[in-house]
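As written, the chains take the letters A, B, C and D, and residue 1 is the first residue of each chain.
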Amino acid sequence: SKYEYVKSFEVEDKLMPSTWIVVRIDGRHFHQFSDEHEFEKPNDKQALELMNSCAEALLEEFKDVVFAYGVSDEYSFLFKKTSEFYQRRASKIVSILVSFFSSLYVMKWKTFFPLKELKTIPCFDARAICYPSTKIVRDYFSWRQVDCHINNQYNTCFWMLIKSGKTKREAQDILKGTQTPEKNEILFQLGINYNELPAMFRKGSCVFRDKVEEIVKYNQDGDPVKRLRTKVGTVHRDIIGDTFWREHPEILSD
Amino acid sequence: SKYEYVKSFEVEDKLMPSTWIVVRIDGRHFHQFSDEHEFEKPNDKQALELMNSCAEALLEEFKDVVFAYGVSDEYSFLFKKTSEFYQRRASKIVSILVSFFSSLYVMKWKTFFPLKELKTIPCFDARAICYPSTKIVRDYFSWRQVDCHINNQYNTCFWMLIKSGKTKREAQDILKGTQTPEKNEILFQLGINYNELPAMFRKGSCVFRDKVEEIVKYNQDGDPVKRLRTKVGTVHRDIIGDTFWREHPEILSD
Amino acid sequence: SKYEYVKSFEVEDKLMPSTWIVVRIDGRHFHQFSDEHEFEKPNDKQALELMNSCAEALLEEFKDVVFAYGVSDEYSFLFKKTSEFYQRRASKIVSILVSFFSSLYVMKWKTFFPLKELKTIPCFDARAICYPSTKIVRDYFSWRQVDCHINNQYNTCFWMLIKSGKTKREAQDILKGTQTPEKNEILFQLGINYNELPAMFRKGSCVFRDKVEEIVKYNQDGDPVKRLRTKVGTVHRDIIGDTFWREHPEILSD
Amino acid sequence: SKYEYVKSFEVEDKLMPSTWIVVRIDGRHFHQFSDEHEFEKPNDKQALELMNSCAEALLEEFKDVVFAYGVSDEYSFLFKKTSEFYQRRASKIVSILVSFFSSLYVMKWKTFFPLKELKTIPCFDARAICYPSTKIVRDYFSWRQVDCHINNQYNTCFWMLIKSGKTKREAQDILKGTQTPEKNEILFQLGINYNELPAMFRKGSCVFRDKVEEIVKYNQDGDPVKRLRTKVGTVHRDIIGDTFWREHPEILSD
């Protein structure tokens, strides 16, 4: 039609070829959302596992996503460098991932919160970022995990102080300017060994495809017949050091 | 932390100030999704009303969205020219709208399809487009409504021919190269007056805020006390001509 | 060749259709360049006329440029809204204009400075900016002319104080925090009527095509035969008010 | 002033950090420019040396440019990956380089063409492209040198055929569809050994900083006192293979 010229106002938004694409989604107003749904403080196991379950389903659907890292109300998804998903169009990639994740979050809610009604509409923002080298991709995930650690340590201290009877104001004043050793000391005083807290809280969650041995059937002798299968799974590991990446070289391989 | 430099790879993506922003979302693989959920052909009243209901809720939430137009698996949302929603950052705007809409779509599914299970994950793509003048914004919506008309007329003919016993191939051959009058003739032969089909199918759906008279209470005499209130509602109107826009000057006013 | 894939790293950089494009160029390190070439302070008539002459030649060459405004070491060029110059590719437009201007500046140098050698390499930066409405385009040029006025008034005062024997430090201190009336007073004390300074210094320079009457030939009676011809010319006028634009409606017409 | 808001329409255009930036400039309408200035066909030694001289001066001025490659009417400039030149703003980088080059081209014209007047205004377009890895940067320059070879071989054949008395049409027909060996055969028939043509024509020109031994002074015995100095120079070498890059590891080092 004579109106079709309006399509020419759409701008090409291709992401640079041969770079790693990270899509980070983050819950919108999740401070409020967590309150409304009475998430446990500072970490709600169910809420985090809901996020992880959505991320796993997302990796099942989108084969070009090779790794994901989640913490708090956010998740980062890594596309392999050579991905041609939607010809690398930024708004396609960003919108499809965040839409898919949002739908899943609502669909899976009842599984993780069988007794809680979904009262308000969960919503996530999203952005795409390109990284030119694996080194910088590693630094990206280190950034998120350091953030996880710092926030989690602070929040754990804070809520333990609250539980111990302090006001929010008092807890803030006590923590102001403290470093890691002092925070550990505070936790120790309150009877908490930080390193014994669940790894999911301390390390966040890594989702990726892994080779797993699977029992396909049992033969006549009753012996299991096994096969290697690729399966999406979640672990809570340090991703700042080299160990994890050395154990999973396929993630960052070209 | 020393990793924070990775944030510098994020690119500023502000949309041009003083322009109209349209965000169009479109169902991903809805050909398949419609099949899987046995949507009526060519138009499923419930599916369309689910979309409209989501759009209405979206306008209730985001005050800067002044108008929306929906047809088939797509919806276009218009931000007023002066909007400073998320400082006009494209990926924020696009991701938040599509995420919100997707969550709503799942949450409202049961209301519109009480007997149908949601079998697969609904997913939408989204993009933002800027338009520098109201004239071009008008042309944008005309473009979508002309598209609605052309597709709907074709699809109505097609599925009526199928119902009348033709194969898909035969129906396609009959329709190839036909213009509006010929299609109307075909429909007439099959006993359909195109203009009597539901306006929602022929015109699509317009969502916007309107002044409505509301009965606040009844006074002692039993007379209703009315008040003008702004309410989001949906109509199925021609938006190509001037009439609609003249009747609702506030939509495109600065 | 197998290397051609590298071209895919070039990014599309089309400027929004139906918007006014302004390309502003600005002398790089012209503080230094002006010193090295002993430009008169605060305004060097020859230097400004060289700039104007380059701008005129640029308008002669590029028909889509409908207006230009220059002050100090900068020039702004306005493309009409409908221009399809290099399909509106930003880097083509920016680079070609600034390259053309730079070449001209060197080529014309001798004409305006017959006794001065060009000692260092004149260099300009450039950028393209889109404006969605004529109102904002007008505001753009008002911005530049207000800037011209403020800088020129300050600089005129400053250099007059220097001429009158003040040190740079003293001159700065005298002018700190002064408003227009106080500056006029200072100039008056030094025997200068600001409004009698050359309009080119006070108003900057406007370059555009204008209809001029031209004598084509003389007929037998010796009477001149005239014809209207379009010619690029320069004027020094107020462009903040409406008068100029009303007198030249073709500049901002669609 | 109240007009300053117009500055908010400028868009941030930073190039991705930690990537190699290539700025390629290319003569505008140089087909015509070469004709107007009667450049020798297919290669004008003086014209190419003028280009090289401008490129050398450019590297002297802009320390972040580590390498340049020129052929025909084009030159590519490579910025090191870590460059923060103008905070990596694309339009600053593109405009400043092309402006500087253009000014130089005019300023140096007389040196290379003492007997030819500059009749028209030399003008170059320019663009910036980012490359995420050294491998792709190498491929970029290979792309340009392969292009140099293919064009030069074709053009050499073409103009030799013309010189031998063929019409342009006949020459084109002879060359249509020929491969390298056939072209070499044609040249051989015309008494030309392609490999004995000047390296500048066959390989293009590489400009970069190199350590050179320089005689600083002579001591009492009359022996020269030498020192290593970094100097910008031009060579005509193969840059597709590894040899050149191995000999100059500092160019592509981080």
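Observations, loosely collected:
As a convention for this text, a residue touches a chain if its C-beta (ideal position, glycine included) is under 8 Å from a C-beta of that chain, and two chains touch if they have at least 3 such contacts.
Since the model is a prediction, treat every value here as computed from it, not as a measurement.
The pair from A-C, A-B or A-D that reproduces the interface of B-D, where over half of the contact pairs by residue number are the same, turns out to be A-C. With every chain reduced to the mean of its CA atoms, the largest distance from chain A is reached by C. Chain geometry summary: the mean Cα position of chain C and that of chain D are 32 Å apart.
Averaged C-alpha coordinates put the centre of chain A at 53 Å from the centre of chain C. Here the spacing of chain B and chain C, counted between their Cα centres, is 48 Å. Contact with two or more other chains is made by residues 5, 9, 11, 16, 130, 136 of chain B. Contact residues of chain B toward chain C in the complex are 16, 18-19, 130, 132-133, 136. Residue ranges on chain D touching chain B, taken from their complex, read 5, 8-9, 11-12, 14, 16-17.
Partner chain D is touched in their complex by these residues of chain C: 1, 3-7, 9-11, 25, 28, 57, 61, 90-92, 94-96, 98-107, 118, 121-131, 136, 139-140, 142-143, 146-147, 150.
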